[in-house]
Amino acid sequence: MDVATTLGWLAAILMLIGAFFTFVGGLGALRMPDFYTRMHAASLTDSAGPIFILIGLMLISETWLVAIKVFTILVFLLITGPTASNALASASLLAGNKPGLANDQSEAE
Amino acid sequence: MNLIEHLPVLQVILPLLSAPFCILMRGHMLAWAIAVVASGAAFAVSLSAASIVADGATLTYAVGGWAAPYGIALEVDAFSALMTMIISGASLLALIAGMASIRQQLPEEKQSLFFAAWLLAMAGLLGISVAADAFNIFVFMEISSLASYVIIAAGPHRKALGAVFKYLAMGTIGATFYLIGVGLIYLMTGTLNLDDIALRVANVSDPHPVLLAAGFITIGLALKAAVFPLHVWMPAAYNYAPHVVSAFIAACATKVSLYVLFRFDFTVFQPNLSGHEFQFGHFMMPLALIGILFGAIVAALAKDLKRLLAWSSVSQIGYIVLGASMTSEAGMTSAIIHMFNHALAKGGGFLIAMGAALYYTTTRFSNLAGLGKEHPWLSGAFVVIGCSLIGVPGTAGFISKWMLVNAALEQGGLGIFIIAVVVFSSLLAVIYVWKVVELFYFEPRPEGASSNAVVVKTPEKLLFMMVVMLVAAANVWFGIFPGEPLALASQAASMLTGGAL
Amino acid sequence: MLWVELYHYWVFAILLMIGLFGVIAKRNLVKKLVGLSLFQSAVFLFYITMGKVDGGTAPIVGMTDSTDVFSNPLPQVLILTAIVVGISTTALGLSIVVRIKEAYGSIEEDVIHEKDRAE
Amino acid sequence: MVEILNIFIMLMLVITALAMVSSRHLFVTVMLSGIFSLLIAASFLLLDAADVALTEAAVGAGISTVLFLGALALMDVEETTRGVRRIRMVSLIVVAVTTIFIVHATFYMPAFGDINAPIHQHVAPWYIQHVPIHMDIPNIVTGILGSYRGYDTLGEVFVVFTAGIGVLSILGDPIKNRQHRPAHNRGLRHYLIPRLVGRMLIPFIILFGLYVQFHGEYSPGGGFQAGALVAAAIILYALLEGEDKALQVIPMRVLYIMMASGALLYGGVGVAALLMGGNFLDYSVLASTPVAGQQWGILLIEMGVGLTVTGVLITIFHAFAARSNL
Amino acid sequence: MIIQVVAFALIVTMMLGLVRAIKGPKVYDRVLAVNMMGTKTVLLLAVLAFIDDRPDYLDLALAYALINFIGVFAVLEFFRTRESQLVIAETDDTGEASDEAPGNEGGK
């Protein structure tokens, strides 16, 4: 990729930010104390990461068609990711799991 | 369009493409008719192919018009012609004879699916027999295996499910082992066509991976063929399958795996790996000998006719492997002719078990006593077929045993030992066959034994008895005039071992 | 860097081992099927591994320069077929397991054997 | 660079596989097998097998997970017996010996990625060279799959077909099984947001499936992947709206016809070639020029593959769902 | 070079997700991890398409994004039919006991 141009630099910065978010999200999903906080970390960054990374990729796309394809992926991820998180959280809540931090510490490791 | 030219592919696609029609037909009788017609057509094709290749010719066919190493080739030679005859013949006869039994054991709405799966099983086996491409063999092996699982699982007893699951697990391991072996060969030679592999495997950079491939292929196919220590899936699967399926599968399924094993080992590995005949022989022969004895002993202890026949198959497969493990032309001839003769005897045996179940609902010995008086023709046929299983002179079984003994004599001191084992196992065979004969003729029908669960319609009964008599007569006919199959077998054997010299 | 070259083959061997162990040793029928599909996946990986060419790219012409080196397409074709075979086997196996569960009330091999023997 | 990525992915593969086999909770095993599929598909892509990666994604992560969950819904999700110690020891020895043999042989295999290995010298270059000449399509994998090794692919279609009728035969007709069950099955109706989003996505998935089907000659994809995608869309519909509605949209009779007609379409193309004077599956004779004939042939057989796969996968799903009252 | 860094960050994140998937402790954690790894795989494929300069790989990323979604629904449906059993089964590999009172199930 061509980092010499302004666009290239912008893309690089965006992608790095995205990569950072992604990594932090992964870390959060691993280290947070209970399911809901983990999900919070994971799902927030599951949206933020793709936004930055994929917009970065769009900026360095060679043709419009490629950029549109990347954009489509972004749109689908932005639709499906939060939906899945929502569904999962409500399933968990319906099954009777309460947020752990509220009343007990047994989940904390 | 010259039909003769297209025989190899017609052999496969006739039954294969008939299968979808079976499920489109609502009526189960129509599905049965399609299956019979397709089997008959396949049998006719195999007969005409056999008449062409009997003198040593080979029919080759390039599917899609692409020449051999690039496209997929089909080949029919004497060996494959014999196999296709066994498969399509067994299917045809079992289907005709099995009408009443299918009605007894399967609910009507499942029958069209059953016949479709049956045709696929047959087409898969035929596809393996005519294939000349290592990967193509895998594909058709999977068609036949999956379809076999389906038709075996149609058995009415719940134990059929456990048996099928075991068969599925072991069969898939076997097929995957074969796939690993093919992959290793492909890695070393860059080709999948069997003839091309045979040419190129001599020049590989290092023989180690090829040896590993030989190991994987041998073990994988031995698993599928139920060679002795790997036979654990077989007795239960044969025992709990619908009777008509037992007759068909027992006659041909394991033999096709052995066919692939022999073809691979004798044409690809033995001519090109130094000392491989020795390895093959010394690996297989002990297994064969133990298998012969073990199978016969368990059969002699069985308390159920189908179980007895299934375990006798373990023993009989041992004979086939034993013949091949001598890696001589005579040994190979005996192995191949025994495939044919055993198909006749074992298929016939399971047909009789089917008949017994038709009249008396089960095949348990406690329930079969006195069959001889009530159904003299059926039990008479069993006596003939039992003699063929034992190897009494004048029956087909004798021919293969005789060939086997002759081949063993060529082996010198070891041969005497082999002959001793063969004679001893024949005595065991006498015991288990006699057990049934005694039951049929010398024990009275027990009080209150169940019988006649279904009313057998006269035309169905007539068809069934006709087929049983035909098979029994064939067991005698090929014992006295073994000409045609023997010619094919010796042709095949000389072709296979000719490469090894 | 011998180990990098062999690494791919070793991963195949290890996966194969894990899968095979799952099929043979596990007594739970679903577990056996999972082991079986793992076992097959290992073989798929083996085929694809041997088709790879250093510096090669996916064998689709036209999207890139014609000077490109392509990886071997044939193993990919074979594995496409094999994957289909694998899923078919899994589906069939699962349907048998469902029936076994209905007939025996369990999918543990030991329990099934016991019930068979009790008959 | 890509190789280094792959080393990490393969490491994760091994870890996942170990966890899959050692976990005692079947649901966990199935979830992990979903991850395994994702990882192995990524690995396939890194090894340049784009078509295979697409198939593995559609099959492993999608269909296979759905099937396993459908079956698990009927059983205990916990493994209760540890098994006999002796069997575990024996199997450990068996697999250890096998592994030692394989690892031993790896030292004698051609180096990974070596272009001079026989595998890259003998048949494969011919394909890469001749696909553009014989059929003039960019995706070499599709060319081999459809034409040079079209007979294998015919076999593959029939394997799928066998699985379809097999599951139907073993589990019974879904319609009949459903009649015995209470009709409280309404799918995921109480999940409002997922349901809305899911419904919105279904047409896109089908559209994408069609793209994969008809663009398979130019990019990764083909009949099988397309069939799996379309089937996945229908399965999604069934999950959202309930089985009954899905069976109203595509009744069993139609599924039967799809299964059979796809297989017959493939075989029919072969027979047509036979009747027009070529060999079985020789598409060259189908049109005025061989290249056009090949292209038509591949297009038609891919449609056959797609039809059968779609029909079979939906059928299998219904068969499981009818038993488990999903 | 930046794009390779992104790829590595994705791989590392996938490893973290894998650890979560194996550790659990609840089934929901595992589903969350699977979903997260699915998203990361999609991103990885998109990034790979640019590393290899093969835009056709983007089709795969798209397919993954769509397929991954269906998996989540299958899981939800599974939960719906099996909630009672899962509560019992949440005593997992880690041996960590579920702290839920069975009575909570009536809440839905």
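Here the chain labels run A, B, C, D and E in written order, and each chain numbers its own residues starting at 1.
FYI, a contact is a pair of C-beta atoms (placed from the backbone, for glycine too) under 8 Å apart; a residue touches a chain by one contact, two chains touch by 3 or more.
As the structure is a computational prediction, the values presented were derived from the model and not from experiment.
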| item | value |
| --- | --- |
| Chain pair whose interface holds the most contacting C-beta pairs | C-D |
| Chain at maximum distance from subunit B, centres defined as averaged CA atoms | A |
| Intercentroid distance (Cα basis), subunit B paired with subunit A, Å | 58 |
| Inter-chain centre distance, subunit A versus subunit C - centres from mean C-alpha coordinates, in Å | 31 |
| Chain centre separation in whole Å, for subunit C relative to subunit B (CA means) | 28 |
| Subunit C-subunit D separation of Cα centroids, rounded to whole Å | 12 |
| Residues of subunit D engaged with two or more neighbouring chains | 50, 70, 72, 76, 102, 107, 109, 117, 119-120, 123-124, 127, 149, 152, 155-156, 159, 162-163, 166, 170, 191, 194, 198, 201, 204, 219-220, 324 |
| For subunit E, residues contacting two or more additional chains | 14-15, 31, 33, 52, 54-57, 59, 62, 66, 68-69, 73, 75-76, 80, 86 |
| Numbers and ranges of subunit B residues touching at least 2 other chains | 135, 139, 142, 146, 149-150, 153, 186-187, 192 |
| Complete list of chain pairs which touch one another | A-D, A-E, B-C, B-D, C-D, C-E, D-E |
| Residues of subunit D defined as touching subunit B within the complex | 101-102, 104-105, 107-110, 117-124, 126-127, 130, 147-152, 154-156, 158-159, 161-163, 165-166, 168-170, 172-173, 176, 256-257, 259-261, 263-264, 267, 270-271, 274-275, 277-284 |
| Touching residues on subunit C, where the partner in the complex is subunit E | 57-58, 60, 63-64 |
| Residue ranges of subunit C touching subunit B (in the complex, touch as defined) | 16, 20, 23, 29, 32, 36, 39-40, 43, 46-47, 50, 74-75, 78, 81-82, 85, 88-89, 92-93, 96-97, 99-100, 103-104, 112, 116 |
| Residue ranges of subunit B touching subunit C (in the complex, touch as defined) | 135, 138-139, 142, 146, 149-150, 153, 158-159, 161-162, 164-165, 168-169, 172-173, 176, 179-180, 183, 186-187, 192 |
| Contact set on subunit D toward subunit E in their complex | 1-2, 5, 8-9, 12, 15-16, 19, 22-25, 27-28, 31-32, 34-35, 38-39, 41-42, 45-46, 50, 53-54, 57-58, 61-62, 65-66, 69-70, 72-73, 76-78, 187-188, 191, 194, 198, 201, 204-205, 208, 211-212, 219-221, 225, 229, 232, 235-236, 239-240, 324-326 |
